[in-house]
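Next up, some structures in structure tokens.
Heads up, the next two complexes both have chain A, just with different partners, chain B and then chain C.
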Partner chain A sequence: MTRTLPLLLLLFAPLARAATLSVTVRDARGGAVTDAVVYAVPEGRELPLAKKTAVMDQKNRMFVPHVLPVQTGTAVRFPNSDDIRHQVYSFSSAKQFQIPLYKGTPANPVVFDRAGVVTLGCSIHDRMTAYVVVVDTPYFATTDKKGRGALASLGAGKYSLRVWYPEMTSEPAPVPLTLAASDDKELVVTVRK
Partner chain B sequence: MRSFQAKLVYLTVAVLVLLLTAILIAVHVAGERTMRRSVANELRVGSGVLDRSLAGRGNMLSVAVRAMAADFAFREAVASADRPTIISALSNHAGRVNASAAFLISLDGTVLADTLNERYVGRPFPLPSLAGEAGRRGESTSIVSFEGRPYLFVVVPILAPRPIDWVCMGFAIDDAVLNEVRSLTQLDLSVWNPAAENPLMVSTLRQQERGELTAQMRRIAPSGSDANATIEIGNDPYQVLLHPLVTADGSHIQTLLQRSIDDARRPYRRLELQIFGLSLLALIAAVIAAIFFARGVSSPLHKLAAEAQQIEKGDYSSRLEIRQQKDEIGKLASAFDKMRKAIAEREEQIWMQATHDSLTGLPNRTLFFDRVAYSIVGAKRNSTLVGMIMMDLDRFKEINDTLGHHFGDQLLIEIGRRLRQTLRESDTVARLGGDEFGVMFLAEEESRATDVAQRIAAAFETPLLLGGVSIEVNGSMGIALYPVHADDAATLMKRADIAMYDAKKNHTQYAIYEPGRDEHSLRRLAILSELRHAIARDELDLHYQPKIDVASGKAVHAEALVRWRHPVHGDLKPDEFIPLAEQSGNIGMITKWVLRKAITHCGEWNVSGVELTVAVNLSALDLFDAELPTYISGLLSEVGLPPSKLVLEITESAVMKDPAYALRILRDLKNRGVTLAIDDYGTGYSSLAHLKRLPVDELKIDKSFVLNLRNAATDDIVIVRSTIELGHNMGLRVIAEGVENEEAWQILKRLGCDMAQGYFISKPLPASEFGAWMTNHTGNSNLARNPPAGETPSVIEPL
Partner chain C sequence: MRIASASLAVLVLTLASHANAEDALHWSGFALLRASNGIDTPVLREKNLSAQLHLGVDWSPSPFLAAHVHLLARSDDANARRGHFGVVEAYLEARNQHVRVRGGAFFLPSSRENVDALWETAYTITPSALNSWLGEELRPIGIDASYTRGGLTAGATIFRGNDTLGAIPVERGWSMRDHWITLGEWIPVDAEYDTSASAENDHRAGWSARGAWTGANALVQLTHVDNRGDGLPYGRLFNWGTRFEIVSGEYSKGDWTFAAESGWGPSYLIVFGTKYTTDIRASYALASRRFPRFRATLRADEFKAMTRGRALTFAFLWTPPGHLRPGFEATTSGGEQRVIVELRYSFSGR
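The block that comes next holds the complex of A and B.
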């Protein structure tokens, strides 16, 4: 049931020194898969923890964005743009936390130091859901309405291209990828949705 | 016989009972049907209520469980991955929603934790169908049979906020659940799982009833869709409905609803009782109405019946108030009244006819007797006398025969009228029959009786004038008085009758009853009744008395005299029973017997050489027997005796009864050669002219003239002498009877009398002795000197 389908890879000629990768995620019927996270994990290289920050806002009783990919070690702030309170929590094994009911922006951001999908919820608004996808790579993108996500500034080397999307029941097999310095590739990944 | 009232009541009751029974049966049948339908309906509704209740409970529990699963602390505990924490949280939260069992199941269907002592941890969830359903629909709620008990299981995901695990809560469907429904439906409820070892999983019934129900249901063993059945628990009937529950695991759990038929029947029973009560009231009302109605009908009928009984007793005075009713009863009453009047009139008529003589209009013997009896009762109280006179007319038969019956009737009417005129109003005059009249009067003393008799005699001294004919009427009256002669009416009448016969016999106008006469009369009656048997019993016998030829001294005639050797009264002489034989009509028989006997004897004597003529007396009635001459001729020729050897003696009065007829018979006899003699001459009234016409040969002077025949008694000698001379002048032989002494014998001899008879010569002798006597005296001229010794001569009245 959770078998991966074969990936169709279409390769185009590279452009500059740093390679770019454009990935389109489609489902079995050819429809665009939005809010899918595509990310390329370099093989054989240890990457330092990122000291970056990210924001997961709360507007109109929704998390914005719905899917937030971050590099491992990123500190994410959870500002509350609504005029009602929210209580943000996660019971996911990658990061368990909770921010008691609050308004405005809490003082401390939450640092996601382990790779994995962290499912967010608000304990007083059951319908509010969001995902923080913690990956061990700085090369990631969220697909747009056309199912496209672009990865840039990739150095030459071997990568493992992975895809995650909310409805996913099992992770598709990673796509091995070797990039030259100025490669500019486009990929189409078909997932079972 | 039942009364009308009772019949009407019985009928009313019978009809009503039938009707009411029919109604009660109809009500019962309809009630039973309705009750069954209503029970079935209640069961169906109850089953629906139970379904709804379980579904509602499922929904409620599902909501509760989902809320519980969303509980932040619970999710936090589950996320802790610490099993003891998870189990304690699971128990805690299961307790919150009153769940009996709780499971935490991983998304792949493995039990992570349970509240059942972790029996299922690490194993696949025991109700995979529920998990499957939950996987498809996000949650599932269903009834299942778990560990032998019915449960409502709810499986919901634990959202964090995406599903991370399943939590499953089981709620036992227990007595409390069923009791809740029971309180709504009044039905007993159970959950039934035919597949289970103990199929009755839960029930509102008591323990003992559960056992019985299980046994009963096992016998019926229904399956599939709804099934109705009637069972018995503790002898009480129940209607049950088995209704399958929808289960997720496909087990055949059914709800079993039951309704007590007795309970359901109770309102109908009450209705039936009410109808029964009303029926009884109606019945009582109808009976009362029937009684009143019947009384309305039967009470006049009772009155009529009572009236009819009065009429039956002879009371015709009306007591009926005849209401002017137009109905049948009114008509009956008026018809009844008419009938009563008609009966009264007719009875009056019949009474008149029964108590009065139609010819004279006088009371008859019956009424006379009644009045006498009635008067005697009064007289007994007042110590007065009741006198009675019986009167019999002399020679009435003669008048009747001579002047005709019509004249005779007129005469009787006239006599009745004269009697009535002669007597007081208070006296009773009655015609007792024929020419016999009765008079009854009340008297203060005995002398009044003779006064009345004399007044009656005086009244008849004046001849009656009828149709230009003057009739002289004489009567014989017998008088008897209460209490002098008799104590009761019947005896009084009998004794007046006896006195009347005495008067007749003595030729007096009236006679008063002599005490003792009645006993004589009784003896007469006894003799009368025995007379007819005397011949058959051979009790009659003949004696013979010789008649002597005065000149020669020879016995020439023998007079046959009949004797009756009565077994009780001894020898009876003819004057004691011959008049009775004449009265009773037996005289002809006796005469014929005497004739046969005498002719036979005479024949025997003649054959043995004794020359004799036999003399036989004839009664006056014999002269009316036209067959007699032929009979005598037959006898004579039978015996072979010449007719001249028979003398028939007839009294003067006998001939005078009907001279013309007697004359014809006498001539007939004379023509046959028989000798005829006039007996008892001188006592009657026959004239010589009359005598001259009779064809007789001999004349017997009555013994009353001969008995005292002495030389001194000149009167009798004159009569005897002139009679002998007269007889001789008419060419007749003259015989004297009653010769009892020599003096008479000598006088008769001197006067030239032809024959003599009497005790001086011989008393009457039996036939056997007479033969001997004849032998001794034949030819003895001096027999007068040898009268039979030792005999006291007495008066013998020959027939």
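The block that comes next holds the complex of A and C.
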């Protein structure tokens, strides 16, 4: 144990030095924008495609969550937790797919290999809609009811901070950022809504 | 995951039942509970075992375009002509993110109960009096278009057929059963006349319009239907002019779902130049809770046309993993009771 502890501290030391970024998204009247995706894209650095998995569930004839941000390359499962059937589709250019009528969990996940916003729907239930926001970065968050999202474990360097939210008509201008390893910054982004 | 897809949905229903009902409430046919309006109403066959087979075929060459066919075969035709086998729905659909256009024969998208594929109810074995009627007598044959944005939906339908809409609640009486009328089927409403969703006698198009708001856990919808029937007889088909409003709402939280619908409006016919109008009305409210392996639902119905009635229904559906769903349902109305046990097999896949 006495030998393991210093080793662990050494191992996790870089994490402790990573920057964090708290972003609050507000509309023009100062109201909180919920379900906005805030993401920081590193400048001048190519990131490998993610080998991650994520879940977009269906409960009470709703997609849960309503907005799911994922890194490019993420495999998303679409379990159906309802006791009725769903038929999921997307006709967004970033990813077009259909999952035929089903209950339970389909065997194969859907891999989102291109950045962009993917709008989901259900052929049986018109009211069901949700978004998979595919971004070229592992640094992203969804804003809560207070419009806040937190990005953690950012390395030192230059970033471009971007925001997306449902029913967005024009993309807000990206915010250039330079972060030091020990930074703990807070930002407020105002969007037209 | 392919862009084009085809899927098949199969539903087999077998049902055993027992009822303690006399006079006004007759037990008969496939899960039938109905309010009789007089001695001329046809006595429906008494049967305590029946079965249905539903087959749904969906084909979609791309997410923008889909085709759907819903076929039905049943052991009990409820004395209808061409009632044993037929097409329930058949339509083509084009859609994008905000607009959906559907052409063919389809259910009007108004029900808060019949929310599963093949218009199955998720909460009980037999639907409310309101949706039993809409499933048995209304099947728009035409074009439906809807626009959805930011939780608001506006939709409109122009349809042919359905000239006899209104005959069932006024002439035969409200029922609680799942006899979805098929295209070309004629269902008797009394000794002389039938009703048919395919009836187009006066060549006047009917129409419907709806608006809905969808929130995080709730939905409210207003629907108007007008079949623009001329109220005149055409052989065994008597046209009814029926205008109907439906207000519906739904709220889900956790494992609970609360849903309610109320429909009302005048329906008229013309006999020897005299117009006779009847106000028809049906409402229900239900509370349903889902547990890990079963669902329990309590529903209260109220319905009125020539007669007035109320019903209380309790359903217990066992929902184990797999394809089988055994269910139990008890209904009481005016001191008379009906009990149904159902075994349902459903399959969907490619």
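We take it that the second predicted complex is superposed on the first by the 177 of 193 C-alpha atoms of A that agree within 3 Å, B and C clash if a C-alpha of one lies under 4 Å from a C-alpha of the other, contacts with A are read in each partner's own complex, and residues count from 1 in each chain.
Note that contacts are C-beta pairs under 8 Å (C-beta built on N, C-alpha and C of every residue); 3 or more make two chains touch, one makes a residue touch a chain.
Computed from a prediction, not measured in an experiment: that's the story for all the values here.
Q: In the superposed model built on chain A, check whether chain B and chain C fit or clash.
A: clash
Q: Is A:108 contacted by the first partner chain B, the second partner chain C, both or neither?
A: Touch partner of A:108: chain C, not chain B.
Q: Tell me which partner A:53 touches in the superposition: chain B (first), chain C (second), both or neither.
A: In the superposed model, A:53 contacts neither chain B nor chain C.
Q: Mind working out whether A:126 is in touch with chain B, chain C, both or neither, as first, second, both or neither?
A: After superposition on chain A, A:126 lies in contact with both partners, chain B and chain C.
Q: Regarding the shared-chain residue A:83, is it in contact with chain B (first), chain C (second), both, or neither?
A: In the superposed model, A:83 contacts chain C only, not chain B.
Q: Can A:61 be said to touch chain B (first), chain C (second), both, or neither?
A: In the superposed model, A:61 contacts chain C only, not chain B.
Q: Classify the contacts of A:178 with the two partner chains as first (chain B alone), second (chain C alone), both, or neither.
A: A:178 contacts neither chain B nor chain C.
Q: Go through the superposed model and pick first if A:99 touches only chain B, second if only chain C, both, or neither.
A: The second partner, chain C, only.
Q: Is A:91 contacted by the first partner chain B, the second partner chain C, both or neither?
A: Both partners, chain B and chain C.
Q: Is it chain B or chain C that touches the larger share of residues in chain A?
A: C
Q: State the stretch of chain B that overlaps chain C in the combined model; pick it from 1-9, 19-27, 73-81 or 649-657.
A: 73-81
Q: Which parts of chain A are in contact with chain B and also with chain C?
A: Dual-contact residues (chain A): 89-92, 96, 119, 121, 123, 126-127, 129.
Q: Within the complex, which stretch of chain B touches chain A?
A: Interface residues on the chain B side: 70, 72, 75-76, 78-79, 159-162, 164.
Q: Show which residues of chain A lie in contact with chain C when the two form their complex.
A: Per the touch definition, chain A meets chain C at residues 60-62, 66, 83-85, 87, 89-92, 96-104, 108, 110, 119, 121, 123-127, 129, 167.
Q: Contact residues on chain A for chain B in the complex?
A: Residue positions touching the partner: 89-92, 96, 119-121, 123, 126-129.
Q: Which residues of chain C touch chain A once you look at their complex with the stated criterion?
A: 1-7, 9, 56, 58, 60, 62-64, 66, 93, 95-97, 100, 109, 115-117, 120, 122, 146, 148-150, 153, 212, 214, 216-217, 219, 252, 257, 290, 295, 319, 321, 346, 348-350
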